[in-house]
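Notes follow the structure.
When the chains are written out, they are named A, B and C in that same order, and each has its own residue count from 1.
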Amino acid sequence: MRCLKITVSAVLTATILCLGAGKAAPAADELTIMATGGAWQAAQRQAWFEPFAKKTGVKVNEQEYLGDLGKIKAMVETGNVPVDLVTVETATVLQGCDAGILQRLDYAKIADRTKFLPGTALDCGVGLDVYGDVLAYDTTVLKDPPTSVLDIFDTKRFPGKRGMRKFPAQNLEWALMADGVPTADIYKVLATPAGVDRAFKKLDTIKKDVVWWDAGAQPPQLLASHEVVMTTAWNGRIQNAVEQDNKPFAIVWKDQIVEYDMISIPKGTKNSDLAYKYLAYISEPEVAAQLGRFIPYGPVRSDATSFVPKDVLPKLPTAPDHMKSYLVGDVEFWGDQGEELVKRFNAWLAQ
Amino acid sequence: MLLSPFPTLGERIRIGVLWAWCALVLIYLVTPLLVPIPLSFNSGSFFTFPLAGLSTRWYEVVLGTERWRAAIGNSLIIAFGTTALATALGTLAAIGLSSPRFPGRRIVMPLLISPLVVPIVVTAVGAYRFYAPIGLASTYGGIILAHTVLASPFVVVTVGASLSGFDRNLMRAAAVLGARPALAFFRVMLPLILPGVLSGAAFAFVTSFDEVVVVQFLASADQRTLPLEMFTGLREQLSPAITAAATLMMTLSIVLLVVANLLAGRSRRRMRVAPA
Amino acid sequence: MSENRAPIISAEPRLPCGTAALAGVSAVSLRAKLRRLMPLHEEMRALTLAVPLLALLIVSFGVPIIALLSRAVYDPSIVNALPRTAEALQHLSAADPPGDDVFAALEADLKQDQAKGSIFEFAKSLNSRLSGARSQVLKTARLLAGGAAFSKSELVAAVPFWGEKETWSTIRGGAHGFTSFYLLSALDLRWGADGLTSVPAGEAVFLRVFARTFMVAALVTLATLALGFPLAYLISNLPPTLANLVLVLVLLPFWTSILVRTAAWTVLLQKFGLLNDALIALGIATERLELMYSRLGLVIAMTHIQLPFTLLPIYSVMRSIPPSQLRAAHSLGARPLTAFRRVYLPQALPGVMAGCLLTFILCLGYYITPALIGGASDQLISNFIANYVNVDLNWEMAAALSFMLLTFTLLLYAAFARFLGLDRFKLV
């Protein structure tokens, strides 16, 4: 009797295993795209995945991951790459490119490389959208509103905790800007050891007042709970909080740092041609502009701006009003110095 | 708990202090679990009190969308599969290890608990490198096996602790009385070590049910689990839907446990009426 | 695939069927009974019971993990990228500066890497050993791609990086594939010009983080013990129905994701959170406390998550201790505390050990909760390991840190086993 029960459970286990193993390999006209989930992936689905599937008859499979390249490296090393396209951050593209796990792209199959904004057509990744690293605050808390992102360094006028991303990029640039370095010279100064010291010294002045955030979900939450008086944030999340949840938040655009989301092809995928077809599709100016309808991020081609709906345009980081004083994140610089600066930043945090 | 039918004042005080302390511990244990319940009825999408308003929109998201339903189903399949496999294998191993004659126990034991110590990201990479080439990545079986590796140390340790008080002479007595080992195990040993086995099973369950890193590596869209659904949105927003999911799971578990308890109580009473 | 699956399936029915088969043909025969009592046979049976799990662990966990961890000591990226240079360096003693032949080999290697497109991988892996090397390598490769040949002095003049002693000692360190670099880095050490030295204070992180990780784990373990032991004692002495009810409360957290519990603690602990509200309302505190993003907040949240892991093993052992023993000790004249200490505690100790062991080890692996609740100086070693695996893609460093974590933990385990005599409790 007991033996029987256990035999039955063994058979069940075997069935489960067989079910798994018996899964058919994806057909040739299927494209698997891996993104980081949430509202951003939903926006891509509406703006790009579904229209692409409709237009070409290709079935688009979606997958989620946590934005970590470790998974892609494991795939490439085992030669088992079930994903054709993957959305990544700029810093991640640079790491993945150097590590040889992302394909070097052939722009002849995508679009005219010169039509992209500088820093959005990388060797291993094509820009998907433009977002801004901005300062956000609660208008009911700060009656005397900050006027520049750099006000985060002013603890006299704005006492209390402030949120910053637990990452050296952007923070070091802002520290130098606040310390009086002209925007044009930021990366020149940051490339020298003295410049890095100077940036960290500036950050030292507010270190005890900073709450460090990790996930993009945290800044609006930190504001909503009054844990901080102001925080650096990605513009999209703050705008969603204002529009969908009627939160009394405001964005300070002056001295924003403009950043890009990217999409890449992992090395060793079997559907490379289809992946290129998708990249070419979303790089068409009219198509590229569609994303802004679902999430307030701008297109990476200047010739796509004219296709962005008129009511969306003023919300984008690239709106003329927001581009009076800004810095573009230097991809080359972070590709070169990123690893050391991250290490130093972590050591600095731990002290 | 009392040492004598006529407790002294000192004993009463000691027991009073014990009760008070335990009440505080229970409050500490349960309060954070109560927080998500009102938040799950929040009409806004932030984790703050006071609530923006009452609404069931997050329950509609969880119960009404295919993605969340599938995620809950996948999580339960994988968690129960892992629990069954890890409990069976872990209990066997613990019984073997508890034998004073087990060869090389000093080497085997650290090996058995090493999945707890190796950082989960490293385990996940290792699992992918093992399962992908043999075609078990993106399958329920592969994820269940990978989770079994993570969960089995809990069963080995808790069952091992329970066995420390087990008198092996009972098994010899059963054998001498003619019981086959299987019968002796189920009738003599298992009832005595059951609390340990069940604790191990509970740990195995939660290890799998709450695991996101290995799943991220091994799962394709078809095996998307609840934790993966929760974590992937974290880049933009911690969706209150996860509080609704948590509330549903807790309610479900309370109902299940109460029913199980009632059934167990009834069978206990029946046993008393008609002793075997 | 089928070879892999076979042992797992056959593993399950082994318990009753297998042991029965092993125990002899006829269960009632005297010979079988005798054999069952024989020592050697018991040894075999004990081993057989553990084989299914051991086999699964060794094949699907042990082998891939050892392969991964071996990257901490074996990293052929430099010798793969610079085969000729490595060969040329073989003929030099460590003190000699590289001559023209080495530079010629270097140029040939770099040109080939540039042509193959593997120059970036080399630049990245050299950079992880030597800060700033990436841009120097790429600059040199671009220079050489122009086609011109450089002599040693010309190359050093164009890129002074190649004239530095540290560059060549780093390359020499990787010229065999086997390296101690990553393991030493995990201990904040490196081979300098004059032997083993500590890395500069600004870069030294890991020893401190290891110490902090073990510290937090110890704190949380003690806290869970202080909270869990009395509750386990109470539950094991309650009537079954009430005991089950309390157990339901203890198990309830298992149904909610760690992410939900972490979020709940955020709501409770933050400055304008429920806990601060309650403290102010009750008049216990006059000022709002900074509990979030602090060590205290982290320990409170981790203790909450770990409490069931300490409590349940204690409870499951306590259940098997007959309450009559304490009463007997009492009636034989032992004072209550003495009876508890001498009669009850020794029997409950295996459960305490098991629970504390689980909690301590689990605490070493935390990284989601420290990232979301802990402050900047509360990041534990697993945060760093995850970062090396996922962001830096420096798996060699991740392997070295994991190896050190594993070593420290097993050493601690062995020390405790010896010191507390875990052997007696059949835990080891």
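Descriptive notes on the structure:
Note that in this section a residue touches a chain if its C-beta (ideal position, glycine included) is under 8 Å from a C-beta of that chain, and two chains touch if they have at least 3 such contacts.
What you see is a predicted model; the values in this text were computed from it and never measured.
When each chain is reduced to the average of its Cα atoms, A sits farthest from chain C. Ranked by the number of C-beta pairs in contact, the top chain pair here is B-C. At the centre of the protein atoms shown, by the Cα-centroid criterion, sits C. With centres defined as mean CA coordinates, chain C is found 29 Å away from chain A.
Annotation: 21 Å between the Cα-based centres of chain B and chain C. Distance from the chain A centre to the chain B centre is 36 Å, each centre being the mean of its Cα atoms.
Counting only residues that touch two or more partner chains, chain C has 1, 8, 12, 15-17, 266-267, 389-390, 395.
Residue positions of chain A with contacts to 2 or more other chains are 2-3, 9, 13, 17, 21, 66, 68, 70-71, 215, 221, 225. Looking at chain B, residues 47-48, 85, 121, 125, 129, 135-136, 182, 186, 231, 234, 238 sit in touch with two or more other chains. Interface of chain B with chain A (complex): residues 44-48, 52, 81, 84-85, 121, 124-125, 128-129, 132-133, 135-142, 144, 182, 186, 212, 216-217, 220-222, 224, 228-229, 231-239. Considering their complex, residues 1, 3-4, 10-11, 14, 18-19, 21-22, 25-26, 28-33, 35-36, 39, 47-49, 85, 88-90, 92-93, 95-103, 105-106, 108-123, 125-127, 129-131, 134-136, 145-146, 148-149, 152, 154, 156-158, 160-166, 172, 175-176, 178-182, 185-186, 192-193, 195-196, 198-199, 202-203, 205-206, 209-210, 226-227, 230-231, 234, 238, 242-243, 245-246, 249-250, 252-254, 257-258, 261, 264-265, 268 of chain B touch chain C.
Note for the complex: chain A touches chain B at residues 2-3, 9, 13, 16-21, 23, 36-41, 61-68, 70-71, 74-75, 77-80, 82, 215-217, 220-221, 224-225, 236-237, 240-241, 244-245, 247. Chain C makes touch with chain B in their complex at residues 1, 4, 8, 11-12, 14-17, 19-20, 23, 27-28, 33, 36-37, 39, 42-43, 45-50, 52-54, 56-65, 67-69, 227-228, 230-231, 233-234, 237, 240-241, 244-246, 248-261, 263-268, 274, 304, 307-309, 312-313, 315-317, 319-321, 323, 326-327, 330-331, 336, 339, 347, 350-351, 353-355, 357-358, 361-362, 364-365, 381-382, 385-386, 389-390, 395, 398-399, 402, 405-406, 409-410, 413, 425-428. For chain C in complex with chain A, the residues that touch the partner chain are 1, 5, 8-10, 12-13, 15-17, 117-118, 120-121, 123-124, 127-128, 131-132, 134-135, 202-205, 208-209, 266-267, 270-273, 292-293, 371-372, 375-377, 379, 384, 387, 389-395.
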